[in-house]
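Structures are listed in the sections that come next.
In the two complexes below, subunit A is the common chain; its partner is subunit B in one and subunit C in the other.
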Partner chain A sequence: MESTDFKLIVVGGSAGSFSVVSHILAGLRPDFKLPIVLSLHRLKHVRSGLVEGLSLKSKLRVIEPNDKEKLQQNTVYLAPANYHLFVELDGTVALSTEESHNHSRPSIDHTLGSAAYAYRDKLLGILLTGANRDGAAGMKEIADNKGFTIVQDPLSCDIATMPNEALKLFHPDRLMNPEDILHFLNALPG
Partner chain B sequence: MLEYPGMDYTEYSLSFLKRRLTRLATQQRIRRKEQFLERLHEADFRALLLTELCVANTEMFRDPALWRLLRDKFLPALPQECTCLWLPHETSGEDSYSLALILHEAELPGSFQIIAQSPSHQHCQAVEAGLINQQHHEQNLSNYKRLEDRDAYENYLVEEAGKSCIAQSLRQNINCVQGHFLNRQPKRKDIGLILFRNVGLYFNPRLNHKALRLLIDALMPGGYLVLGLKDHLPTDLEKELMVCDSAERIYQKPLSKEPSYGIHRF
Partner chain C sequence: MQNSEKDYDYKEYLLILKECSPYDFSEYSDNSIDRRIKKIMRDQGLNMEELVLKTRTEPDFVEQVVEAITVNTTELFRDPQVWNHLLKKVLPTLKHQKKINIWHAGCSTGQEVYSLLILLDHLQLLDRAEVYATDISKKALEQAKKGHYFYNFNADKYRENFSASFEGESEPDFSKYFSAEPDKDHLKIRPDFSEKVHFIKHDLVKGPLPFYNKFDLIFCRNVLIYFQGSLQSKIVERFHENLFPGGTMVLGSHESLGGFFKTKFSKNGPVYHRTNSFHFKY
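Our next item is the complex of A and B:
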């Protein structure tokens, strides 16, 4: 395996990704340390429900961060409804109400691209199932910054538009189904 | 930029500046720093820059539950001496219009003056004219329905010179002042409500603290401060305020001069 000295994991997903993320969070080791940032497409004006739903089975704490919150170990951060979530150079979260991107706020591209710039080769990016091209450019930024990239195998996706759009832009380090993504994460050191 | 009045963005978030300047440079086909510095000499370009650095992307009644609470609970409870409601960093006018509309529906119009403030002359002109971003129409309508469960929103709109505007009767109490609130504040002691939602997102922590300090000082005792749902409120400042509604981020400045060192809930 290539370098696995990661400091942060970012995950993007849209249609169909809730069950995949929920499955992964349920199966992660309880002592899994790396902070995980989730940028999932969601209804802009439904504030509650998603974080609670993900928390049900997760062994890790799942929260919607406030602006300027420092990313901590053993914690999963979900981009809040109607806010973009950027990752800053100092390892904090920056939220924003700037323009929607690919009709989305939160935008996966924004989260992934900012994390790529801040964490470079210490970043692991994962793109899951989805019906939108948002996320493809962000994953390419991770690859361009020497981060590690995993794209969900389109054959295992409910809707494969998002992974397929990413595959048009770059070659990911891994193409995996959700179960293999979970095994990969649990095999990470620390 | 510092050489020009009102253009000190030193303590804004670096990533925010990077995004906005990149966006502007792309729109204006500016490829080199020298081109940007050259264009800075142009007053029109500086106006464009100021406008770009104000994120004008909200919507009317964003977070309907907040507006319902303001209308039904907190506006009627404003201190008696309060006549001024302040929006220190207004961009699209949509928060000002929303406030004017709920004042009207709470049968409180004319009791208060709404002072909206923006660094951008262009934004101020648009707010004074009551202009509404047509792209937000459907969202505004949907938010209003969630607030009111009825369809009256469009009754408050008029068309002027081919553009959709908020009715004159609602906007007559809105006064938009150009200038950054950090440099210029209303010299009044009757500010009973400050709406400062999603503005501190674009400041670095130090500037965010400085801005909130200034706003708390400007607020009259018993007045309310409303932040964005995810805005950062430093702990030392939170201790000076009473939490009225933690979900909608409504805080009250205590009536006594002594800060309140506990968290209180209604």
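Our next item is the complex of A and C:
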């Protein structure tokens, strides 16, 4: 089996992903150590409330980080509304208000691509359901940097555009439904 | 792959830029600057060697590079809860002053400059306001000075933010401040508002301000995020010097102050106030 010696998990998703992420956060072991970074598209007019919504069921702390904040264990980081979130080489978060990418801010490509470069084979990338092609290129970058990649099985997606776009670009390590992703994460050492 | 022709990396490029222009980006945060430079090369189809050559020989191109590096999008009343706090809690405390000095550091295309003018007008404080707005980008400043924005892309969001900023207050008519021409895709600020502001080109990273430098309010929103920690500290220290005691500093909603400065400013809701720092001198 492949190495599962991860230091960071990054998750991208858009339409339909809220319930998947919420389900995963609710089901994770309460002592789940690895920091998790979430880059999720938001509905245009619902800018706030996402962190509160995800916190409701999560056993882990869910926060919207400030710029230059250090990623820590037992914590879930949600890209703030209207900012891009990048992961830096020193394990901190960098925020940016530069132009939208694929009509999105936060852009999943930016989060995933920067984390791929910073964490290489210590990164686990997960791409969930979504209606946009943002995220596909970022997932490929994770694969290109020898990170581990899981794409949500399009058959289990509300809207499969995002996973399907990713599958055009590379071959992920796993194609999984949300339940299997949850089991996979809970089975990680540490 | 990126550095095929010659073995420059972006750090070396920044040294060249510094040498042949007034701009110094060496303390910008690595990730953002690297990405911006790659984007310039991609957009213009240049390799590093060509980029360096153009930078050395074409002053206009240097300005384009500066614009591309410092691109920063803004909107009217971005983060309405911040403006609502200013309207209800901060600006009313300035009512008794004869003059209100304001500096927007890194004003980009000006939307937040006009947001504040609207609040001041609403509180009938506009006459007393002396407003300076600076940015490193000539193009952004020109746009800010005009105060013309795209209607289709912005109008809905701007109106929504506008309403949310006046929550709990009597909301003025949006049309009092902006004229809208949807068919021409124009949304224009009142001309007397744009004339009210001193728009001045200034590089925050560089030295002293070219105008009177004590302020009641300093806005620097989502600019420091592009700087390394050491440069952030330097700039915040300068803001501290530039504020009257008790003066207010407004940063982006996900920017925070490091350890040392926490004693120099007190946080009040979404804004910072300069504390009476002599308490902390030894």
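Methods note: the second predicted complex is superposed on the first by the 185 of 190 C-alpha atoms of A that agree within 3 Å, B and C clash if a C-alpha of one lies under 4 Å from a C-alpha of the other, contacts with A are read in each partner's own complex, and residues count from 1 in each chain.
What we mean here is this: contacts are C-beta pairs under 8 Å (C-beta built on N, C-alpha and C of every residue); 3 or more make two chains touch, one makes a residue touch a chain.
Please read all numbers here as calculations on a predicted model, not as lab measurements.
Engineer: Based on the superposition on subunit A, does the combination of subunit B and subunit C result in a clash or a fit?
Structural biologist: clash
Engineer: After superposition on the shared chain, which partner residues are touched by A:Ser114: those of subunit B (first), subunit C (second), both, or neither?
Structural biologist: A:Ser114: touches subunit B and subunit C.
Engineer: Using the superposition on chain A described above, determine whether A:Glu99 touches subunit B (first), subunit C (second), both, or neither.
Structural biologist: So A:Glu99 meets both subunit B and subunit C here.
Engineer: Looking at the overlay, what does A:Glu179 touch: subunit B (first), subunit C (second), both, or neither?
Structural biologist: neither
Engineer: Which of the two partners, first being subunit B and second being subunit C, lies in contact with A:Phe86: first, second, both, or neither?
Structural biologist: Touch status of A:Phe86: both partners.
Engineer: Is A:Asp5 touching anything from subunit B or subunit C once the two structures are fitted on A? First, second, both or neither.
Structural biologist: Neither: A:Asp5 stays clear of subunit B and subunit C.
Engineer: What is the contact status of A:Asp31 with respect to subunit B (first) and subunit C (second): first, second, both, or neither?
Structural biologist: So A:Asp31 meets neither subunit B nor subunit C here.
Engineer: Jot down the residues of subunit A that show up as touching in both complexes, subunit B in one and subunit C in the other.
Structural biologist: 45, 64-69, 80, 82-83, 86, 88-89, 94-99, 114
Engineer: Of all residues in subunit A, which touch subunit C in the complex?
Structural biologist: Interface residues on the subunit A side: 45, 64-69, 80, 82-83, 86, 88-89, 94-100, 114.
Engineer: Within the complex, which stretch of subunit C touches subunit A?
Structural biologist: Per the touch definition, subunit C meets subunit A at residues 29-32, 36, 71-74, 78, 160, 222, 224-226, 229, 232, 252-256.
Engineer: Which part of subunit B faces subunit A closely enough to touch in the complex?
Structural biologist: Spelled out, the residues of subunit B in touch with subunit A are 13-16, 19, 55, 57-58, 62-63, 142-143, 146, 198, 200-202, 205, 208, 228-232.
Engineer: Give every residue of subunit A touching subunit B within the complex, in rising order.
Structural biologist: 45, 47, 64-69, 80, 82-83, 86, 88-89, 94-99, 114
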